[in-house]
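In this document, chain identifiers A, B, C and D correspond to the written order of the chains, with residue numbering beginning at 1 in each.
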Amino acid sequence: MIIVIGSATPASEVERIIGELSQYSVTIEKSVGKYKTVIGLVGGTSSINPDNIQQISPSIEQVIRVKHPFKRASIDFRHGEPSSVDVSTPLGVVSFGQNHPLVVVAGPCSVENEEMIIETAQVVKASGAQFLRGGAFKPRTSPYAFQGHGESALGLLAKAKEVTGLGIITELMDTSDIDAVAAVADIIQIGARNMQNFSLLKKAGATGKPILLKRGLSATIEEWLMAAEYIMAADNPNVILCERGIRSFDRQYTRNTLDLSVVPVLRTLTHLPIMIDPSHATGYSQYVATMAKASVAVGTDSLMIEVHPNPSVALCDGPQSLTPNDYIELMHEIKSVAQFFGRGQSFTNYIPRVTTLKNRVFA
Amino acid sequence: MIIVIGSATPASEVERIIGELSQYSVTIEKSVGKYKTVIGLVGGTSSINPDNIQQISPSIEQVIRVKHPFKRASIDFRHGEPSSVDVSTPLGVVSFGQNHPLVVVAGPCSVENEEMIIETAQVVKASGAQFLRGGAFKPRTSPYAFQGHGESALGLLAKAKEVTGLGIITELMDTSDIDAVAAVADIIQIGARNMQNFSLLKKAGATGKPILLKRGLSATIEEWLMAAEYIMAADNPNVILCERGIRSFDRQYTRNTLDLSVVPVLRTLTHLPIMIDPSHATGYSQYVATMAKASVAVGTDSLMIEVHPNPSVALCDGPQSLTPNDYIELMHEIKSVAQFFGRGQSFTNYIPRVTTLKNRVFA
Amino acid sequence: MIIVIGSATPASEVERIIGELSQYSVTIEKSVGKYKTVIGLVGGTSSINPDNIQQISPSIEQVIRVKHPFKRASIDFRHGEPSSVDVSTPLGVVSFGQNHPLVVVAGPCSVENEEMIIETAQVVKASGAQFLRGGAFKPRTSPYAFQGHGESALGLLAKAKEVTGLGIITELMDTSDIDAVAAVADIIQIGARNMQNFSLLKKAGATGKPILLKRGLSATIEEWLMAAEYIMAADNPNVILCERGIRSFDRQYTRNTLDLSVVPVLRTLTHLPIMIDPSHATGYSQYVATMAKASVAVGTDSLMIEVHPNPSVALCDGPQSLTPNDYIELMHEIKSVAQFFGRGQSFTNYIPRVTTLKNRVFA
Amino acid sequence: MIIVIGSATPASEVERIIGELSQYSVTIEKSVGKYKTVIGLVGGTSSINPDNIQQISPSIEQVIRVKHPFKRASIDFRHGEPSSVDVSTPLGVVSFGQNHPLVVVAGPCSVENEEMIIETAQVVKASGAQFLRGGAFKPRTSPYAFQGHGESALGLLAKAKEVTGLGIITELMDTSDIDAVAAVADIIQIGARNMQNFSLLKKAGATGKPILLKRGLSATIEEWLMAAEYIMAADNPNVILCERGIRSFDRQYTRNTLDLSVVPVLRTLTHLPIMIDPSHATGYSQYVATMAKASVAVGTDSLMIEVHPNPSVALCDGPQSLTPNDYIELMHEIKSVAQFFGRGQSFTNYIPRVTTLKNRVFA
């Protein structure tokens, strides 16, 4: 249930209203928007009569029942105003959201060794990324495949952060690793295969850290938002939704099917920021640039791009990783596309010219 | 099997080579590209030794086996050069293809009456469409739903063409209507539900008319290209592939899932031009504009947009139809997006300002 | 809208009721069941007030609106009583339906030549089939693949019928072949790829011949029943629904996914008889026997089994075809399974012992 | 890599062979079958020359490379012999596997209170179940839905086990609950949503307890077997695979699509025992009985059936739960079907007549 309060209402009256609401056994969340203040009630609201709420104060403009099963994630919960997830990094606060420039996250599938992660971090920073991604714990289909270097890789991510100032995004797979991951990650990633690992969602949510929630391989939009709701129900409003391709009947030429229309649809359902990962979605580096540009065209708030110094010898996901030079070339294009679609200006960093790097040892 | 002939080869030598090839029981197709001439052999090529072909002439640069099951539709069949489907309309020849500006097709789901189809045709022409779409025969899930006005609607399409000069695209559902449809249509549409109606493909192909081949609801990319191959095997090279959304596990918020990565994938497989239909793909008018812009961003050669003077009373597909004013607004945006992505300049027509139309009776 | 008339009502009163109903612009269909007579009204029934119908006669027990979009196919349309599709064959009338023994249809994918089709017909008849299936016109993904022998194959099917007395089931792909196919087929098959070829459904329906309607590769149950409704709306009540596997995300080990729960679901929705085709569903002969037995366990009214004298050289679908010996072995099992589940007694024919055939030249 | 050793080989020679193999850096697993002894090598086998292995002893009959990515789960790993998962319960050892009678697991979605779980346990035991299922921790789409009673419910399951002697199957969702769950469960269930929660698989596997591995909602067969391989790679051979329906494009009439052909397919790929859960697969109690019978017809080794004393007030999954009387009726049928298909004789318990229970308060 949402209570919309008029813009001119004094703070003391808002507090008085909240005080009155404490008689109901519900969780109360205040959200101060640009024009309105919205008070959300979550829990046993079905027995509450909206008319009784209305009578608490003449400053209450509207009392609305949220019709969707997701509440805190619902666009109604913020009365239509998009939310912003603000993340502190050594280089400053980076904000994800519709009213902010496009944010770029880049890096390898997994942290392989110190040299490669530092080098990749430097390249992606130089080309305009705000975050470094890199897996310490890797969900792999086979138990015999490389599972990530685990805690030692977390240490290398911390070093890359120290050297470059980039924020760090890395995946949490097991609730028992939560402290180690939270110590290094500026944003904790929940992978597609764990999107309905509800224990993980609750505990990751409880850290208070920003959470990147990847859509499950065949999760409906509603199930995805309900997974976000698990995190938000743990009092953590900082959720970023990441589309990374869904499973369809045709997997001959792409690994997954990138569902781009999810962006305009989500805008009608939720206030949460959106990221697109064209690398996992297509599974082949040759399609990443085109789909990254299309992602900006549909209005994504953020991009996640896989980059590896030498994709042909990558320990995982090589085929979908861009080389540093391909990445730099893409960032030049993305910069221009983001500006065209009104989401530019975040690329204040210098993007090196590809030729500058031609002599380097990347590939 | 593909025979690539050097650029400096005299026409007489090419003819001599073709003459020599007539000893094999194969179909021979010559395709003169910008730099090379390519001779395609289709049929029982498995028993032909490429070395024997090579020895026919020193002008033969390469003899290549097409590895895909689709041959004429294969990118190899034109040695990597995109094809162009050139369609005569009263206003001039319109070309679909990667080296041409974006082509826009617009109009209602079905031809309802003379006034509505003429009016819609005028609006979409004024805003930059080159083709009018409109159904005379409608494939409907229910036998009790409106099935289209049939032959009389074909007459109205002819009239709209006469009045506006727009080319006409309309669907063929039954081989017995082929003459009537071919008499009016500049491009014959094969609908998604008939994509593997092989009798229809063969006979539509045999008309020689350009064919718009919609992707089946759950057709793989390979099945789609094989359906194109049916048309091309009937000696009709003029096929345009239309992505209109595929069926996935989640249909709560969109009618289908628009598979945009199909565009970069098709570019690696086929030389045929591509159209995107965001109206059928999403099923809701509110998502059409965003997905149309994304379609241009991925490099589509053409867009199909549903427009109806008054969507709320449309006899079919009202929810996904744009009003004329929304369409005009979209065309202003698309013009700019197409220019940005290097596919502009076809919008030579005047796109009226929305305000001009505000007083009209459309909605 | 359904009008249920009491069991003791004289025929003259039923006729009088029908006469009264003629004032409404609807199609009227009378169906005399075991206990009740049901009059179905199809068409513009939304404006009819059920109370007015009720007042026509005290013999009217109930007036019910059919809630599903499919009307004639609906279980309500026969007030819960299963229908029976009775097909005349030279050996007598064979009935498909819940109150009848299991019917078996067997034969090759395509009619290859006279010897093979006659021989296969004799084998499957000897082992308990009532119908011979065999394709004259074959829907193939590739235009370069064998397309069936066409009209000459129809002649061979006629001959096989003459020699064995089996009924014939063969596929119709093009409305222009309708007379030729209807002249030979006792049941006309509409293939999965043509399930929503509405022109074909209407014209095939209009022949009055029993129609075997295969479920489309990704047709929902409702779309399938609506396709049946197209046939029934052409005044042809003789529709058999054939489940042949649906398309899913996993096609590594089976060609399609056999959706067996469709049988109990259909029993709650429709009165039409059901056939299961485990050959196309699984795509591999090694899985056919198990899934055929499961099909009987869920209560199918009929089975379609692909049999070829020598699957390894079959012109199509060899991998999913049983050898004659495997087929005979399966029929021994099916006979016993059908008896166990109360659907036996149709196997009055002699099923030869496998050893008898061991010396023959089949494989 | 598999080493097959002749049947007459003395144990000392087998030990000598294993000793010789210790020079390779692989894991060695011995499996003594009915006729042969098989030694499996897992790990870096790609560099091992099979000829060198062959020369170790003349008792070695065959050296085979396992072609599938799953090794221990592969049918080759046991040279074609099905494995048996033997579970100790207070009533004795119950064996799951192809050479054993059908095992029945029944109970409610969740443990609601002491009375209901004890009563349900008594009913299902009386009707022939060997195991009681019941959720203490429930994976629910919504964070606001009932999440299970947690540890207190584990205590009630322990009590139900004490009272009835039934084995207990309950789900583990979080690695931090592993000791509490393992203390009560005779078989630990990994739910569909956690099928690729690899941390959970490894740690659950490491308990050594039998694991029931539900197939993920859109897991391919290969991914499912790879998930089993994770458990087996933790030195736990006791895995039971449970098919519970997959996600398809049509969810109007069933919750999921029961993929029954998975049974004959799995028989060609793995030696592991199989369970079918028709309750979750169909989602509606009215379809459970038919699909349970079909499951026995395809040869499942086990059935999982949801039963609730009063489904209409169940805290979860009420619509798919059988009443005790419906369950008893089904068990009478299943007993007879299992006997028909050669999987009977486990129903040594008395199955009460439905009438006996008619006066009770269940529904």
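The rule is short, and it goes like this: contacts are C-beta pairs under 8 Å (C-beta built on N, C-alpha and C of every residue); 3 or more make two chains touch, one makes a residue touch a chain.
Every value quoted in this text rests on a predicted model; they were computed, and no experiment measured them.
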Mutual neighbours - chains that touch chain A and chain C alike: B, D
Farthest chain (mean CA position) relative to chain D: B
Centroid distance [mean C-alpha coordinates] between chain D and chain B, Å: 51
Distance between the centres, which are taken as Cα means, of chain C and chain B, whole angstrom: 37
Of all residues in chain B, the ones touching two or more other chains: 218, 247-249
Chain A-facing residues of chain B, complex: 218, 220-222, 246-250, 252-254, 257-261, 263-265, 268-269, 281-282, 286-287, 290-291, 293-294, 296-299, 337, 340
Contact set on chain A toward chain D in their complex: 42-43, 69, 71, 137, 139-144, 147, 173-176, 193-194, 196-200, 202, 217-218, 223, 226, 229-230, 233, 247
Residue ranges of chain B touching chain D (in the complex, touch as defined): 218, 247-249, 251
